[in-house]
Every structure is written in C-alpha cells, then in structure tokens.
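In the two assemblies presented below, chain A is common to both, partnered first by chain B and then by chain C.
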Partner chain A sequence: MLKVKNLSVKYGEIQALHDINIELKKNEIVAIVGNNGAGKTSLINTITGIVQCYDGEIIFNNENITNLPTDKIVKYGIIQVPEGREIFSELTVEENLELGAYQRFKKEDKNKIFETLDEIYSLFPILKNRKNQIAGTLSGGEQQMLAIGRGLMAKPKIMLLDEPSLGLAPLIVEEVFNVIKRLREQEVSILIVEQNAYAALKNSDRAYIIETGKITMHDKSENLLNNEKIQEAFLGKRRK
Partner chain B sequence: MKKFYITLLIIAVVVLLLSTLIKSSYFLLILNLIALNTIIVIGLNLLIGFAGQISLGHAAFYGIGAYSSAILTTFYNVNPWIAMLLAVFITGIIAYIIGIPTLKLKGHYLVMATLGLNIIFSIIIVQWEVFTGGPDGIAGIPYLQIGSFSFDSDKKILYLCWFFALLSLIVAYNLVHSRVGRALMALHNSEIAASCLGINVSKYKVKIFVLSAMLASIAGSLYAHYVTFISPETFGIMFSIKLIIMSIFGGMSTIWGALVGSGCLTIISELLNFVKDYSTIVLGLILVLVLMFIPQGVVGYITQLKINNEK
Partner chain C sequence: MKNILQFILSGLTTGSIYALIAIGFSVIHNATGIVNIMQCEFITYGGMLTVTFYIFSKFPYFIAIPLSIICVSIMAGLFERVVIRNSKSKDIIILIFITIGASIFFKGLALLIWGSDPFMLPPFSGNQPIKIFNAVIIPQNLWVIGISIITVILLHLFFHKTITGKAMRAVANNKKAAQIVGININRIVFLSFVIGGFLGALAGIIIAPITTTSYDVGFMLGLKGFAAAILGGYGSMGGSIIGGILLGLLENLGAGLISSEYKDVIAFVVLILVIYVKPSGILGLAKVERV
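For the complex of A and B:
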C-alpha cells in the first residue's frame, strides 16, 4: 500500500536519512523504532510532504506521491498525528475533531461527517464527555486520544503516528496502544514511529529499527522483541 | 453573534454623538485617524493574531494606497473611487508578490521582506520626484464624491471613514467565524497540526497578508482624499511600528482589539506630540509594559477575566 524506496533526506549539509526502504501493507501495524535524533520524525514528515526528500521515492497504491504538498497527501488519505500531539489548545474538543475533517467539509455531506464524529465518540467515550472542554485543559493521555481522533475524522487509509507514547505514564501508554490496535477495525493501516521500543514492538506486526538515519534491522515484531541485541540496545534488559 | 452587532451599533451611535458634540476640527481629525488606523490594524490583527505572521511594512501599503490615489487623480484625472479601487488592486498585487515566496518558508521571513519594502517605498517616494513630488509630496488631491455630494469637511469624511472602519470589523468578524476562520484558528494554535490535516497553511497566510495589505491601502486612499495633501514622512517605518504597537496593545487575536488599540494609541500619539523627541521612548515603554503585563492585549485580557469569572 505504501512503499518508501531508497529515501534520503538532507537538511542543508546534514543528512538525516540514508537510503531508507520500508513498506506498509493493508491493515498492517508497522513500527519504526529508534532513539532520539535517529530520524523518525524526518521520515514521517517526508512521507507527508512537510519535509522534501533529497533522493528516492514514496509510492502509494502504485502512485508516486514523492514531494507532493501536504494538503495533496492528505487527499490521498494519508494522515499524520504529529509528535507532541499538537492539538489546537484554544479550541474545544469538538472543534478540534471537526477540524480533522477539514478537507471533507468541502466535498462531503455534513451528516456523513457527523456520523464519523459519533464513531469517534464511541471509540473514545472520554472525548464525548469532554466535547465542550477547551482542549488545552485535557490530560496528556486525553490529548493523545484527541489527536488520534482528530486524525481519524479525515477517514484516513493510512495513519502515521509520531511517538504516541511521548510523555505518558506506562498505564496510559498501554491504553493508547490498545486504541491504536482497534483502528484496524476501521480499515486503517498504521505506521508508528517510537522511542518506546517495548510498547511499539509489543503492539505491532512488523518493525524496522532505525539508527542514525539508517534502517539496521527489520523483522516481525515478536522476533525483534526476543532479539538479544534489541533487548540490550532498546529494552534495557539484562542478559540472561 | 448578536452581541457583536449590538456593540457595533453602540459604537456607531457614540461616534455620531461625538461628531455632533465636537466642534474643533483637530479633534475631528483625531476621530477620523482612529477610524483609518482601525482599518489597518484589523488587517494586522488577522495577520499577526491569526496567521501568526508579522509585517513591518503596513505603512508602505497605506502609502501605496495614498500615493496611487493621489497620482491617479491629480495626474490622470481618474475618478477618486476608481483610483481607490485601482490602488487596492495595485497594493494587492505587490503584497502577493512579496507574500508568495516569503510565506512558503517557515519562520519570520515576512518581517524582513516587509521591512525592506517599507524602506524601499520611502526612498522611492522621496526620489521619484516627477511622480511623487519628492519630499514636498502631492497637494490638491480631490475629495471623494457621491453624485453631487462631496466629502469635503471633517464631519462628512467622518461618516465615510467610520463606515469603512465598521465595515472592515464586520468583514473580519465574519471571516474569523467562517470555515476560513477555523482554519486560521487552527493555524494559529499549531501550524504543524493544521498542515497535517490538509490545511494549506501558506495559501491562507498569503491570502490574509494580501487582505491586510488591501485594507491598509483603502485606509491610505481615504486619507489622501481626506487631507488632500500627502508627503513621505507619514508612511515611514515608524508608522509601521506604531501600527504593530496598536495591534499588540488592543490584543492581536481579537477583533475589538483593533478598535481599542488604534483608539488609545492614536490619542496617546497625539498627546506625545508635546514631548516631541521623547515620544518614541514613551511608545517603546508602553510596548514593553504591555508585553510584560498583558501580552494578550487590553481586549484579550478583559476577555480572559470574563472567562475566569464565569468558571
């Protein structure tokens, strides 16, 4: 469904990504695990056209979408939930969600959008209870739910999540990932980039390891979770 | 919604009352300048407060409006209304040309570009004497007319200036509360999230920038046809800075802030004429104090107080 081929990204002289190859299939949850500064955000931003790539291609359903502007990428149904959630903190929860359907308002019937809104509310009952609350006053976990819900309002085919666990307590992280797993039911394919290797590997089908801008490993997530090298480097596990 | 229009009506009544009470043409001038500044500052509020971009060149857009009107009417005998329309068009194109490349880039490149524009504009109107009259400016600009009714006195002009001022407030209010306004609010809250949702961020920024420049141009044309004489010093960088202070003072993310900011600062500016050389210091001090104590501006601060009280 989504293929990234030989992708390189440069910021001026600094090369952030080297020859990246990844693939996301329909209804899959794929994780990309890497430490600070490994290039996770750069990768996601390049897919959504926020950052221009230097070399390589991004293919969506056999169409070349490399370097298209972000609003065009969104039209294809590729939605990013940005790092740090970036909710619209001065607007209410419901206004945030409605803005998620921004492009749909142009061409679709309003009732359809409200249908999606109801779906989101049943997926996230907390958001329904707080729909008139100013989004900036939500807790971190709730804000993450809102950011995901807002993304879903666009009816995406692919959702790209940038560090959904950022700054959340372990229990809340689990909750967020449980929701993410349920998105499969909505026919959304998911690419997650994470520093939290454990949560990401435990909740995905396949995973890539990214180190200083290069993919260094790729396997089924459960295999990586049991891989000694990974356990040492990312999971902080003592050797048996 | 209703509240907005009621407030607008009250302001219109107050202005009308003032216009009948005030006899001095100097005070009428100040009242008119407040209206003209409101027209510019409401555009700046949309630009700074909603689109998150700063312009240091709005005095130049004001000037482009004024000079286009003046040149077209005095040299080419163009009808003042048509001249005003052409001036808006010219200003819009110039703003578009500046906005397209600078607003595509992240960061505050627009400040630099507009600062440059204002400096270049000031030099051109002083140097290009054949057209602009150089340092002496242009005199004998005709009044605006509707049929045989000529806007040829402070009081008659007052209706016109305030008509445009209130109209621009209405335009801004409706813009902020439309789909575009939602997009602007989103952009203002988080540019990255706005673009992730498919909002074409740079397109909106350019549109708002062009709109704000056009509003300044309208104010400039009105000014030219009002005082009938214009000269370069009115349109210098210092006035651009004053406009920014007005926007910040009133509250740049508010509609009413434009009126409050231009009202207070136009009056303060006039009072400061008595201390001449120190006026810049006082204005700077006001800016610093506002930024330190009520960064959201007077109207923003009052709105927040209200919200807190309701809680």
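For the complex of A and C:
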C-alpha cells in the first residue's frame, strides 16, 4: 500500500535519513523503533510532505507521492498524528475534530462528517463529555486521544502515529495502544514510530529498527521482542 | 461636563473605525506573523475609489461602495499572491519591510491619480442632526457604528460557524497542526489579505463623509488602528474591538475635556502606559482566542 524506496533526507549539510526502505501493507500495524534523534519524526514528516526529501521515492498504491505538499497527501488519505500532540489548543475539542475532516467539508455531505464525529465520540467517550471545552485544558492522555480522533475524522487509509506514548503514564499508554489496535477494524493501516520499544513491538505486526538515520533491522515484531540485541539496546535487559 | 455624551458618541464613531482597521491588522498577522503596513493603503483606496465611482463616474452609492470594496479586496489579494508569496525571503522583518515599501508606492500612486486635494463624500442618508438628550449626532455616525457592529457580528459568525473560518483560527493557533490536517496555508494567507482589504476599505469609506478623504488619509488612521490592536491585545478580535473603542473614546474625551491640540498625545500616552503595565494588551493574547 505504502512503499518508501531509498529515501534520503538532508537538513542543509546534515543527513537525517540514509537510504530508507520500508513498506506498509493493507491492514497492517508496522512499528519503527528508534532512539531520540534516530530520524523517526523526519521519516513521518517526509511521507506527509512537511519535509522535502533529497533522494528516493514514496509510492502510495502505485502512485508517486514524493514531495507533494501536505494538503495533497492528506487528499490521498495519509494522515499524520503528530508528536507532542499538536492540537489546536485554543479551539474547542469539537472544533479540533471538525478540522480533522477539513478536506471532507468541501466534497461531502455534512451529515456524513457528523456520523464520523459520532463514531469518534463512541470510541472516545471522554471527548464527547468535553466537546465544548478548550482543547488546551485537556490532560496529556486526553490530548493524545484528541489527536488520534482528529486524524480519524479524515477517514484515513493510512495513519502515521508519531510517538503516541510520549509523556504518558504506562496505564494510559496501554489504553492508547488498545485504541490503535482497534483502528484495524476500521480498515486503517498504521505506521507507528516509537521510542517506547516494548509498547511498540508488543502492539505491532512487523517492525523496523532505525539507528542514526538507517534501518538496521527488520522482522516480525514478536521476533524482535525476543531478539537479544534488541533486548539489550532498547528493552534494558542485560545479556547473560 | 454637559458635553460628555457628545464626546462619547464621537468617540464610539472613531473607535468603531479603529476597531475595523485593528481587526484587519490582526487577521493578517495571525495568518502570516507580519504587520501589514499596506493596511493603510486599503483604507485610502477604499475612500478614494468610492470618490472615483461616485463623484466622477456618477454611480449611486449602492454600486460605488460595494464596487470599491471589491476592488480593494482584489488588490489586497493580488498583493499577497504576487508580492508577498513570491518574496524569496520568508523572514518576517523582510516581509514587513516589503509591505512598507508597497505602502509608500501605493501612496505615491494615489497622489498621481487623485492629486493632493481632499474630497468630501456626502453622508449616506441626510445631514439632519439627531438630538439625543443634550448631544447631537449626525446620521453618518449611526451608519458608522451600525455598519461596524454588523461587520463584527458577521466576522464572528464566519470565524465560528464556517469550516473556512475555523481553519483560519486553526492556522493562527498552530500552523504545523493546520498543515497536518490538510489546510492549504497559502490559501488561508491569501484569504486573510482579502479580509484585511475588505475591512480597510470599509473603514475608509464609511468615515469619509465625516472626515473627508485624500491620498494620504490611510496613514494616520492605519497607525491608530495598529495602536488600537496593540492596546487591546494584538491578534485578538475582542481585543481589537476594545482597543479601538477605548482609543476613540480617549481621543475624543481628551480633546473635549482637556485640549484638542493634545488629543493624539493623550491617547498615545495612555497606550504607552497600558503597554508598560501589561505588554500583551488589555485582553492579553495568551488567554483570548485569536482570529
């Protein structure tokens, strides 16, 4: 469904990504695991057109979408749920969700959008209770739910989640990943980039390990979870 | 003291004008981060085009006024599309300077087209003063206040009830998030200039029957509108309205009760004091919603 081929990204002289090759198939949950500064966010930002790539190709359903502006990428149904919960903190919860469907307002009946809104509210009842509240007053976990809900309002085919566990308490992290796993029922393919290797590997089908801008390993998530090197590097286990 | 009602009514009139101009500054600032000095020229061209269409082309007001507003809105949109968007540098300081340069250019152009004489537009409906208690108000004051109130209500509905208006607030709030949900930021910036042009032209037209209009009328009005925006809290619609009304009242009360020579001084001293005590303006940007 989504293929990234030989992708390289440079910020001036500094090369953030080297020759990245990844693939996301329909209805899959794929994780990209790496430490701070490994290039995870650069990868997602390049796919959604926020950052321009230097070399390589991004293919969606056989169409080349490399370096298209973000609003065009969104039209394809490729939606980013950004790191640090980039929500509209001065707008209400409901306005945040409506803006998630911004492009749908131009071509679809409003009732369909409100149907999606109801679906989001049943997925996240807390958002319904707070729909008229200013989004900046939500707790961290609620803001993450809002960011995911806003992404879903676009009826995405692919969702790219950037560090959904960032800054959340372990229990909330589990809740967020439970929601992510349920998105599969809505026929959304998911790419998660995460520092939290355990949560990401436990909740995905396949995973890539990214280190200083390069993919160093790629396997089924459960295999990686049991891999000694991974355990040592990311899961804090010592070799016997 | 018995004239105080009179000063308040005059203050509300000029205050409404300042508020409209201040909102124009704020809308463009929120989309782009720049202070658009061209706002002054939107005011001038609004008034002067109406002079052209009404006095020279002899169109009735109901054609001349909308036509002028449309022309200035198009001019503002083109200015963004052609000049601002194609600027190689996206540096805020450079962009502001481009608007200053363009403003000087258009002021010169206005001088070439219309000369330096001021023009008087007739009031929208009669000149018969209306007595309210011991104050006298001319119908044009009511037009100014009424049109401003209606404009503010319509803007409020636009920003809160339409998806495009919400998208404009979203861009003001968080540009990256706006990009991520698929909002075309260029389109919103363009739209903000069109709205700025609309508001500037409207202000320039409705005040013209009271103060006359000329090729350089926009500069002082623009400066006052800018001051009003800062006074109220730059970037906020509520702040622009409060700042505009307050500045208008201060000027007129100062002129009436103390001395008309010090009218600008009094207003600006208060402005400086407010900024000194509360740099973010009366409403303080942090807490209020931006438009």
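Basically, the second predicted complex is superposed on the first by the 239 of 240 C-alpha atoms of A that agree within 3 Å, B and C clash if a C-alpha of one lies under 4 Å from a C-alpha of the other, contacts with A are read in each partner's own complex, and residues count from 1 in each chain.
Keep in mind that, in the parts below, contacts are C-beta pairs under 8 Å (C-beta built on N, C-alpha and C of every residue); 3 or more make two chains touch, one makes a residue touch a chain.
Just so it is clear, the structure is predicted and the values come from calculations on it, not from any experiment.
Trainee: With everything superposed onto chain A, say whether chain B and chain C fit together or clash.
Mentor: Taken together on chain A, chain C would clash with chain B, as the superposition shows.
Trainee: Determine, under the contact definition given at the top, whether A:I47 touches first (chain B), second (chain C), both, or neither.
Mentor: In the superposed model, A:I47 contacts neither chain B nor chain C.
Trainee: Let me test your reading of the model: by the given contact rule, A:A154 touches which partner, first (chain B), second (chain C), both or neither?
Mentor: A:A154 sits against chain B and chain C alike.
Trainee: Using the superposition on chain A described above, determine whether A:Q103 touches chain B (first), chain C (second), both, or neither.
Mentor: In the superposition, A:Q103 contacts both chain B and chain C.
Trainee: Can you list the residues of chain A that meet both chain B and chain C?
Mentor: On chain A, the overlap between the chain B and chain C contacts is residues 48, 50, 69-71, 73-75, 79-80, 82, 86-91, 95, 98-100, 102-103, 105, 150, 154.
Trainee: Can you tell me which positions in chain B touch chain A when the two form their complex?
Mentor: 179, 182-183, 185-186, 188-190, 192-200
Trainee: Mind pulling up the chain A residues that touch chain B in the complex?
Mentor: 48, 50, 69-71, 73-75, 79-82, 86-91, 95, 98-100, 102-103, 105, 147, 150-151, 154
Trainee: Of all residues in chain A, which touch chain C in the complex?
Mentor: 48, 50, 69-71, 73-75, 79-80, 82, 86-91, 95, 98-100, 102-103, 105, 150, 154
Trainee: Would you pull the chain C residues touching chain A in the complex into a rising list?
Mentor: Interface residues on the chain C side: 163, 166-167, 169-170, 172-174, 176-184, 289-290.
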